[in-house]
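A quick write-up on the structure given underneath.
A, B, C and D are the chain letters, set down in written order, and residue numbers restart from 1 in every chain.
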Amino acid sequence: MASKFYAIVIGAGTGTGSAAARRFAKSYPVVLMARSPASYQDCVDGINSSGGKAVGVNADAADPASLKAAFDRIRDELLPGHQLAAAVYNVGANFKRAPFLESKVEDFDGSVAGNARGFFLFAQQTIPLLLESVDASPAYPPTLLITGATASMRGAANCAGFSAGMVARRAIGQSLAREFGPKGVHVAHAVIDGVIDIPRTKAYGNINGGVEDGKLDPDAIAESYWHLHTQHRSAFTQELDLRPYVEKF
Amino acid sequence: MASKFYAIVIGAGTGTGSAAARRFAKSYPVVLMARSPASYQDCVDGINSSGGKAVGVNADAADPASLKAAFDRIRDELLPGHQLAAAVYNVGANFKRAPFLESKVEDFDGSVAGNARGFFLFAQQTIPLLLESVDASPAYPPTLLITGATASMRGAANCAGFSAGMVARRAIGQSLAREFGPKGVHVAHAVIDGVIDIPRTKAYGNINGGVEDGKLDPDAIAESYWHLHTQHRSAFTQELDLRPYVEKF
Amino acid sequence: MASKFYAIVIGAGTGTGSAAARRFAKSYPVVLMARSPASYQDCVDGINSSGGKAVGVNADAADPASLKAAFDRIRDELLPGHQLAAAVYNVGANFKRAPFLESKVEDFDGSVAGNARGFFLFAQQTIPLLLESVDASPAYPPTLLITGATASMRGAANCAGFSAGMVARRAIGQSLAREFGPKGVHVAHAVIDGVIDIPRTKAYGNINGGVEDGKLDPDAIAESYWHLHTQHRSAFTQELDLRPYVEKF
Amino acid sequence: MASKFYAIVIGAGTGTGSAAARRFAKSYPVVLMARSPASYQDCVDGINSSGGKAVGVNADAADPASLKAAFDRIRDELLPGHQLAAAVYNVGANFKRAPFLESKVEDFDGSVAGNARGFFLFAQQTIPLLLESVDASPAYPPTLLITGATASMRGAANCAGFSAGMVARRAIGQSLAREFGPKGVHVAHAVIDGVIDIPRTKAYGNINGGVEDGKLDPDAIAESYWHLHTQHRSAFTQELDLRPYVEKF
């Protein structure tokens, strides 16, 4: 762990975010970002108590000032002299299903803010750092990873607002991959197609008939994130899907 | 023209919007909406002077109050007792290409506001009216048409903000098609893949080598919009592409 | 009907083929091709007795010699001096669902032969004729239309062989559109996503809950085929979908 | 290497096939299949001389009898008592670009035979073996991997025959993923979008401007194949793309 590189996970409160943080913490100090310590503190403590290094930072992805302050703190205070190896955008905002005529434009606004605008802003903070890392002899190409969902691929009925934000996020990622891939930064999007196995979804007993492994194990998702990070620059993946073996698609 | 049905085109200032208005005016009174009369007045006058009926209404799609006021005016003042046969969302906002690190979040915001949020709001105004029309023995299924672009399909390099808005708009359309198709409302998205032949693009002499018909004729686009409107409900198109015969794709 | 142009429909026995023949017969003499008169004779008679002009020709799309003989007959005997305005590939071969391990490679072979190889051969006969027509002042750009299906878009479970042929047919069409579009030939693919309302499917009472117009009306499909044919070359559609308003997608 | 599991790579002569064989040989005995020893012998020898275990078997994927004989030999003679952990379909047939009207139907036939029919037949041999392995406590879910290409995604101009075979192969893979995923067999397709760095392509100096890593390193591809094999069944990838960082897409 003598590396001067580090990783960031924003949206660190969910299963995927925590799992990604733990996985990347095997190789890098990790910064966990979320709007409040309630989301990241347990994971930060867990990493630190098991031999890794983690710090938590409050930040609201959709608020440019909050985000900038968080990155300034990392640079000046938390990990001075370090370079960014990998950044994971895992914020999930405003998932809900509702008939369109019962939806509010605030549903749309909330989804776009957290799912797309936040990613735009996060990328504006992280891309310059990742570009700097390209020249710093990193073990793996500097990487920006994006958590997607089924709703990133199409607009399902009763899901207009959430989809709007998620497809926008994916398109931003495609745009960044095309612009910054040739400069050595790997931008990849993972389409999580299924229910993730986290405390909040434990009660969803009927998912895929309740069979074992019918929900996505966050640690399994994190293994694929790590694989994406370690890909050689001659063979970058821009997008992959991840779904339980029993999931219909 | 004894019909009690009418059509609306919002974003009526561009070539496609004006052409759609003229095409639908062959069968319906048409309302043209844009932020200022400068956008729609010529087209309104042209339709009225050639035997059709058109009115112009100021409205900003991204502003709920402005939009609601415009629809109230149509109902109470401009076309009382009429029913909505077709609505065309043709607003195009904030198209620009720029390196991502020179882009501002305002580019993203402007694209999302006009290209997606405005469509969300326009749909919330028009879907209830179109649903009412289903039961009013219209000649053709009530239709909501959406103008898309190449950027609706993927995020190109240097185009993150514009794509974000356009893919979001497309996803909202897919969601609406899935929810309201079964209720008899036809929601269709046209992917305009090429440069449209309008005054502003006359100078783009090198498009497709400057060959004749190398840019999309707005009237040709409008013919396909009209065809979409007239499709039988047993054979709705949700999406088609439109591009010049010489366009690379 | 003084036109020296004509249209061909191959796979003329099904609802879509017959309906397309009838629609195009409003403007052109039409050649119906199928493997035996049993498929096309009723439709030929119907067109001729209602003021149009139609001839039937036996041909097996997957057999190059049979196909060439049919085109020679058209040129030398049936419609000498005429030029091809539109050709429709509507052959449907070997649709079946079966568990993969109960499938035979013959299922794959039959699907590929009729759905893709036949189209390849049909295109090799028709593209040269359509290219000639480009210079013959046709009313509309010479057109090659392809009937596709849900299975043209992805491989569903228990549908490997049929999908293999259908996706291959679509890809050939895309390739032709890209090569011959710039030369003035319009190649378009229609994804028919649903059950077509023909005698054979009358018994499928439960399709979309048995609601009216829950199956595709072949005449409605044919209207969209005609629209594709009449599109201006500045605004060609390469692909559209067609599905009943109540169809899930 | 006490494992009773083994892996097969067919189309083992190319860079990707050999690299996959070497990668899987770190964990399993590997069978390399190709039409002649000239394709696989060097790789077999290399694996055996560096501590792995490999055998070569002649087989023509498009010939059912040849394929069956090869699998019988593996079972009875080469690796009796072993179970199949992973199978890689890497046959590449008939890649060529040619104007459509200069193409022969034999180009289509050759592509379909090697790229799609061969995969259909290979899957009919391997799926039953992979299903048996599901219950044999393998370290990772039994896996069927498919090498795809840009032409698997769409039909480019001058590429109809090759695309036909490649899109068909992809669709078969999708169908198998949907049918056998729920039974525990992982079927995944890798879209190789770029030129692979093998002896035959060394001369292509101008690929991506000749920059370092502008062609795909076969060993990098193989790492992603191994990752796909090791994915937990709660998070299977069905498809990923792989392309050089400088590749346009």
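Following the convention adopted for this analysis, a contact is a pair of C-beta atoms (placed from the backbone, for glycine too) under 8 Å apart; a residue touches a chain by one contact, two chains touch by 3 or more.
Here is each chain with its UniProt name: A, B, C, D = NAD(P)-binding protein.
This structure is a prediction, so every number in the text was calculated from the model and none was measured.
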Touching chain A (NAD(P)-binding protein) and also chain D (NAD(P)-binding protein), the following chains: none
Geometric centre distance via CA averages, chain C (NAD(P)-binding protein)-chain B (NAD(P)-binding protein), whole Å: 31
Separation of mean Cα positions, chain C (NAD(P)-binding protein) and chain A (NAD(P)-binding protein) [Å, integer]: 46
Averaged-CA centre spacing for the pair chain B (NAD(P)-binding protein) and chain A (NAD(P)-binding protein), given as whole angstrom: 35
For chain A (NAD(P)-binding protein), residues that touch 2 or more chains besides their own: 178
Topology of the chain contact graph, where touching chains are joined (line, ring, star, complete, other): ring
Residue numbers on chain B (NAD(P)-binding protein) that touch chain A (NAD(P)-binding protein), as the complex places them: 64, 99-101, 103, 105, 108-109, 112, 116-117, 120-121, 123-124, 127-128, 151, 154-161, 163-176, 178-180
Residues of chain C (NAD(P)-binding protein) touching chain B (NAD(P)-binding protein) in the complex: 141, 178, 181-182, 184, 186, 197, 213-217, 219-221, 223-224, 227, 230-249
